[in-house]
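The structures come next, written out as structure tokens.
In the two assemblies presented below, chain A is common to both, partnered first by chain B and then by chain C.
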Partner chain A sequence: MSLNLRQKQSECIIRMLNLNQPVNATTGMANEEVYKILIYDRFCQDILSPLIHVKDLRKHGVTLYFLIDKERKPVGDVPAVYFVQPTTPNIQRIAADASKSLYDVFHVNFSSSIPRPLLEDLASGALKSDSIHRISKVHDQYLEFVTLEDNLFSLADKNCFVQLNDPSAGDREIEAIVDKIVSGLFCVLATLAVVPIIRCPQGGPAEMVASALDQKLRDHLLAKNNLFTEGGNFTSSFQRPILCIFDRNFELAVGIQHDFRYKPLVHDVLGLRLNRLSVQGEKGGMKSYELDNSDPFWAANGSLEFPEVAVEIETQLNKYKKDVDEVNRRTGGTKGAELDGSDLVGNTKHLMSAVNSLPELTERKQVIDKHTNIATVLLSEIKERSLDSYAKKEYDMMVRGSIDRSELMSVLKGKGTSNDKLRFAIMYLISSENIPQSEVDIVEAALREAEVDTSSFQYVKKIKSLNVSLASVSSASRGNIVDWAEKLYGQSISAVTAGVKNLLSSDRQLALTRTVEALMEGKPNPEIDSYILFDPRAPKSSSGSHLRGPFKESIVFMIGGGNYVEHGSLQELAHRQQPVKHIIYGTTEILTGGEFIEQLAFLGKKMGLGGSTAAAPN
Partner chain B sequence: MRVVAEAAAAVEIAVVDQCQRKCRRDCSRPSPQTLAAIHFCPNQKFCTFWTKMARFRDITEDFKDAVRREALSLGYTESKMAATMASFIIHKPRERTQFTKAALKTLESIGTLEQFLRKHRKDYVDLHRTTEQERDSIEHEVTVFIKACKEQIEILKASITDEESNSKGWLGISADNSNADTIAHKHGVVLILSEKLHSVASQFDHLRAIRFQEAINRTMPRRKLSHVPNLNSVDHSKLEYEEGKETDEIELNSRGVQQQLLDDETRSPGGAN
Partner chain C sequence: MFSPLVEQSAVALSMTSVSVSTCRDRTAEFRSLSQTLTRMEGVSTADAAAAGIGPSTTKSSLQHASSRSEFNKKVSRLGLGIHEASQKIARLAKWAKRSSMFNDPTVEIQELSALIKDDITTLNAAIADLQTFQNLEIVDGNYSDDMVVHAHAVCDDLNKRLMLATKQFQDVLTTRTENIMAHQTRKQIFSTGGSRQSPIQHLAKSMNQPPPWSNSSSATGTLQPTVMPSNGFQAGNQLRRRLAGDSTVTHQMEVSMLSEEVAHQENRSHGRASALQDVESTISELSGIFMHLATMVSRQGELAIRIDDNMDESLANVEGSHSALLKHLNQISSNRSLLIKIFAVLILFLLIFIFFIG
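So, the complex of A and B:
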């Protein structure tokens, strides 16, 4: 059984659209109610949009679809399917809609489990307006996450990193954030219908999330114990997947570094969001493209470096031209009056196959044109900002552990946006363990000269310096540092530079990937032996030592933000294995380098390092 | 009661395991019969997963409890309470509008057509099961049926615009039926119907193409003997239409078929969905 999150979530949504009734195999629709209206909020719209197209909605009988807070008129004779988050405004709106008898029948679906008080609010709202009879069904769908690919998901949890690392965040706030993450992860597991073995490094948000998730799963598994005739069984670890939870501070570099592969570039530079992209078309206007696994070029070449992508586009174009010529040649046939029987029938066959191949050829051309357009726009950005240079120099810096000062300066004074320079400067900070303060000052000065806001740089500088001073705590500054360190939950901050060591060994091997490989292998390994293990199925007392692997499948979750680079790296790992393994990658939100820097900058300002007042990043 | 809903999720998780152990089949794959990629466990005898999965996410019971409690706190009388709770179970049969009734009827017709196609598909395609004449008659029936469905859809469509214009003039007709959303919904219904019909018609086109291909294949070895039927001109074709001298009755028939097929092929817009 290979875990395909996208398929599972789609199935759940389709079932919901069919009013949670079994589907009639012949008509493809539920027997009772064929037509329906779909109403969603913004969050659920984001869930739906990568999964289902408008014409697919129609296949399931959806005639209209609306945002819940839009002004809507009554439509009789058709049920309404609501798919919304369980929030107070949504509840109020549903109750209002029911009281106004906007629709005959309401099927209410919540993306995650609705808290009791809110359910009671809905009940009371409907009772007061005497519209209880309109509400037919209420469901908790456990679908509160966004799936972008078969093995890539996000909890769409904005600014999670900021919230977790905010020095002024209190215990209650942190707990609320952890609960939100746990709820999202629980939805993912419920949709996949798996209870994994959970592993995480000690300390920090990762341990908090893992422990809370374990507890939540335990509670649920215990509640209906009598349904398990083989209760308490330990299915072999080979069948259950492993869920590995990490925190962004484990490997900061990945969120910041410039990458030169196609998918990360398109995301980072062109603003890919929910698998959609808008770019300037060749003839002027804006063009909107969809980029998901149904695009064969995207699926096949997403992990190639950009120059190779350009070559591949060229190759595909030439192949296309050749095939078109072939078709033309065959159907060209003999002209003129004489009709030799053999030619005619032969030509007919060619003609038919040509007609049949036309749609396929057209589609191929569309894909080629799409990527030509995207690559062209990318190329101009790359040239303007010298992104190839940033990517290469950052990589070299990480591998070598140092950079020539003149080279460093030339980059900071050269091409690129403020964010590009900031990212480069921060990578410089991360790339070597010991940088003399004077060098750091020079870099800061160069940044200021380029009129770049240095808050994020200051933040990473501070984190790094804390790491050093934690080792030798001086009494004078102890108060501040302990406070600050406590806020970071005693997490080892040397993790900030930990990624470096691993990058030095193999090319582009992320610390995350190495760790996941070790966890999946399950052999004793000093890097992961200290990691905590939770098994929600096992009684708390058992050691669970037999459940350390090997694992065929894993779910890797990054708290605080992730990106396509991490996803790509994990997929490479999965395919490298013999036999091939499966890894699903998820994160609280998918961030571009620029977006992550913004969060770091916010934290820097919060700590009073930047200067100007802190405004929350978008 | 929160536990109940949450326990539901857990049971679900467990039931899948149980189902998989019993069936020893992969419950995550859709079965061959599904059209809309909905999961059916292939081995439904053991699979309570399907019903349970739906049932445990269902918190309508919790909602009913909440209603009951709220009603009590609002001071509902016994009878009022009973009436309220009854509305959960007893659904007063809703009178469907003319429009909806007609739409459902058309949908049913299209369903019947699809079933007909499914039943006779083998007969139609397999050369040994039916004669040319039988195949022609199947084609004829299907074409007539498709036309009838199309007409029904056109009528439905017209009724929307009629109602739009009527409601402006007549005082008697309530505003409910003429608001923008209702009209959009009706257009949606018509669109769904025509897409469904188109999909069935495409299926049939595909079958006809197979028949045509076979007809061509049959004439291939005979090309030296008799004059091969020609094609009606297609835009990019460089062949010319010519009156053929057929000696074979079968070929005469198939030529008519070919012409008709190609007529329809070129007319059919842009291929399947």
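So, the complex of A and C:
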């Protein structure tokens, strides 16, 4: 039983659209089809748009859909389904709508648990206008997260990294942020209906979030009718997943580096957001595409490197052309219509099968056209910014641990936007263990020459000097033998071994992937032994749980920002295992490299390292 | 390590608990809150509200409610009708699949398909009725824009569901036709393999397919021997007249030639019959294709629109900016510059006039 978050969330939303009555799929439509109106706010619009299209809404009887802030006209005698966040403006708006009697009956659904004071506000607001009879139902849906793919979710929590690492943040602010993250995670767990084992590294926001989540789950499980009826006491680790919580500072490089695979490229370069992309079409004018699991090409080739993707598009196009020729030949469409009198029935049969296969062929062509367009735009961007050389050089830097000075300078003076150069410089800082101060100064000077804002660079320099953990992580990936080789034989041998290592592992393993693998296996491992374990189901008195055994499923959560690179590498890990395991990846928000640099720059300025006044990134 | 039985029971238990809702119902809490609040605020405010607003609003709301709920009642009745029709179509499909050569429930299938056809036509008429009723309401009553859109969407949805049901019905009929044709070819194979006892009877059977232009629930195999025997006898008469002129032909030859001729005719008629059958099936398939195309074309209109397609918003923005620009243009091109220019020209002329005169 694998956890499919997207499907579970869709089911919950469909149930909500059916006015929270169980949907009996066997008898098809309900006996009395009720037509309703859906109203949501901006956050819930982000939740709904990757999951449900207008077609599906119509299928479930929703005729109109509005934003709650929009001016709406009365549509009497029709029930309205509200799906909003429990905030004060929303409550006021609902009460106003009820007083104006815009709709017949109000079914109010909140995306997370509505606190008692707000519920009282709603009741009093509705009472004042004597319209309390209109509000027929109030539900807590526990759906306050955005699911982009079956195993990728985000809490859409903006600027979380900045807020957590802000030197001027007080205790109360940090607690508020932690609470928000915990409530989002709780919604995810409630939708999946699992109580996992929680593990996290010591110290930092990860431990805070883990302990708060553990507390919340314990309190919740004490109630009689809780949301987690897993039935029975399953003490076997086979049934419960493991929830691993990490902080962005654990591995900073992944958020910054340039990656050359299809999904990360599209996200980073073209700005994929909520599975939707806007690119310049071939004949001019913006085209908007949707990229999610219903697109077979995207699902199959998202993790390939870009040149391979281009080859795949070619193959698909040739296959399509062949199929179209086949259809034409069979129906005699190309070479003059030979009306074979005796074979009339055969002809019509061919014609019918051709007509039946037309929609499928058109769809395939559309997909191919879409990806051709995307790939063309990507290619022009890559050429302009020479992203391939950035990706390759950064990869080499991380694997080898050092880079030729002349190469570094040539990159900093070469092609690419200022963001690209900044990211490269920061990767240089992170990858090499001990860099003499003179080198760093030269790099900084080169950056200033290129008119690049160096606040983020300064920030990372500061962080690096404060904790050595950044560098130690990358050294572990290289392994001891390369150090030894470098010390004894010099550059050439290290180059050879590095080349060999490239052959051995096609992609350098992220520290995150290594750690998750170790945690899922559960064998004693020096890296993870210091990790704390929480088990909300175990009684508080018992010191350690025995549930460290191998886990079949896991949920990995990254506080502060994640991206498609981590997601892709975790999926690769899952598929590589012998009995295929399942990993769900979630984060507070999905950031491109550029956005993450902005947040680092903001932090640098806050610490007074950059010079100019700090402006919060949006 | 764990026995498969334990795991199976575990999976079964977890499967049953899937239907447990992962949402919390706070309605009861809300109700109790409202009650406590009403009690706290006291009875007076509630009384005043009830008395003041009371009769007028309730009456008008009742009026509105009655007219709108009529629309709703019609809609729900139609929805129920369509649901029942599709259930009947499902039953018909089961029967059509099940029918074999010997146990053909022809009569029931005929009745049921006639019934379904009637239902579909009445539903079609009812939906058209509803649309006219709604248009009248829109003109009469004060429907808001959103209500108009809602009503249109409801009618579209009903139309679509009826069209789906009709399409299912057509599919069932096509499978039924195919089945019948298969039965008949099998019958022909079995019967022509045996003796040629009653070629006339065979001719009668095969020729009495209903003419190809009746594409109703056709080919139900109801045999009405009307035309054929006369044709055969006519041909036989013609043959005898020809033979009568020929004196050398003996009686036996005559009989054999007659039977041969009849056999030839039988073949020709068979050919004609099968050709007719082919044409008929082709036409029905073609009609199926056209219907399919029509649905495809109409479905193209409903592209995969996402909820956050900000089409309306951008249109509103463009219109807003357009009006703002117009306003700005008006402000700029005010009359002031024109007036100044006119005055300057006038003063110039005045000066020249005075200069020349003075």
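FYI, the second predicted complex is superposed on the first by the 539 of 618 C-alpha atoms of A that agree within 3 Å, B and C clash if a C-alpha of one lies under 4 Å from a C-alpha of the other, contacts with A are read in each partner's own complex, and residues count from 1 in each chain.
Following the convention adopted for this analysis, a residue touches a chain if its C-beta (ideal position, glycine included) is under 8 Å from a C-beta of that chain, and two chains touch if they have at least 3 such contacts.
The structure displayed is predicted, hence computed values, not measured ones.
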Once the structures are superposed on A, label A:37 by its partner contacts, choosing first (chain B), second (chain C), both or neither. both
Of the two partner chains, chain B (first) and chain C (second), which one does A:4 touch, if any: first, second, both, or neither? first
By the touch definition at the top of the document, which applies to A:287: first (chain B), second (chain C), both, or neither? neither
Mind working out whether A:352 is in touch with chain B, chain C, both or neither, as first, second, both or neither? both
For A:221, decide between first (touching chain B), second (touching chain C), both and neither. first
Tell me the contact category for A:273 with respect to chain B and chain C: first, second, both or neither. neither
Using the touch definition from the top, say if A:141 reaches chain B (first), chain C (second), both or neither. both
Which of chain B and chain C A:114 touches, first, second, both or neither: both
Could you say whether A:415 touches chain B, chain C, both of them, or neither, answering first, second, both or neither? neither
Chain A residues touched by both chain B and chain C? 1, 8, 15, 20, 22, 28-29, 35, 37, 55, 58, 61, 63-64, 72-78, 113-114, 119-120, 122-124, 126-127, 132, 135-142, 190, 193, 227, 229-230, 344-345, 348-349, 351-352, 355, 359
Complex contacts: residues of chain B adjacent to chain A: 1-18, 20-21, 26, 28, 30, 33-40, 50-51, 53-54, 57-60, 62-63, 66-67, 69-71, 74, 84, 87-88, 91-92, 94, 96-97, 99-100, 103-104, 107, 111, 114-115, 176-177, 179-182, 184-189, 191-192, 195, 209, 212-213, 216, 219-220, 223-224, 227-228, 230-231, 234, 236-240, 242, 265, 270-271, 273
Considering only the defined contacts, which chain A positions touch chain B in the complex? 1, 4, 7-8, 10-11, 14-15, 18, 20-23, 25-29, 34-35, 37, 55, 58-64, 72-78, 104, 113-116, 119-120, 122-124, 126-128, 132-133, 135-142, 186, 189-190, 193-195, 216-217, 219-221, 223-224, 227-230, 235, 331-335, 337, 339, 341-342, 344-345, 347-349, 351-352, 355, 359
For a test of understanding, state which residues of chain C touch chain A in their complex under the given definition. 2, 10-11, 13-14, 16-27, 29-30, 33-34, 37-38, 41, 46, 49-50, 53, 61, 64-65, 68-69, 71-72, 75-76, 79-80, 83, 86, 144-147, 149-150, 153-154, 157, 278-279, 281-282, 285-286, 288-289, 292-293, 296, 302, 304-308
In the complex, go through chain A and note every residue touching chain C. 1, 8, 12, 15-16, 20, 22, 28-29, 31-33, 35, 37, 40, 45-46, 48-49, 52-55, 57-58, 61, 63-65, 72-78, 101, 109, 113-114, 119-120, 122-124, 126-127, 130, 132, 135-142, 190-191, 193, 227, 229-232, 234, 236, 238-239, 274, 276, 290, 344-345, 348-349, 351-352, 355-356, 358-359
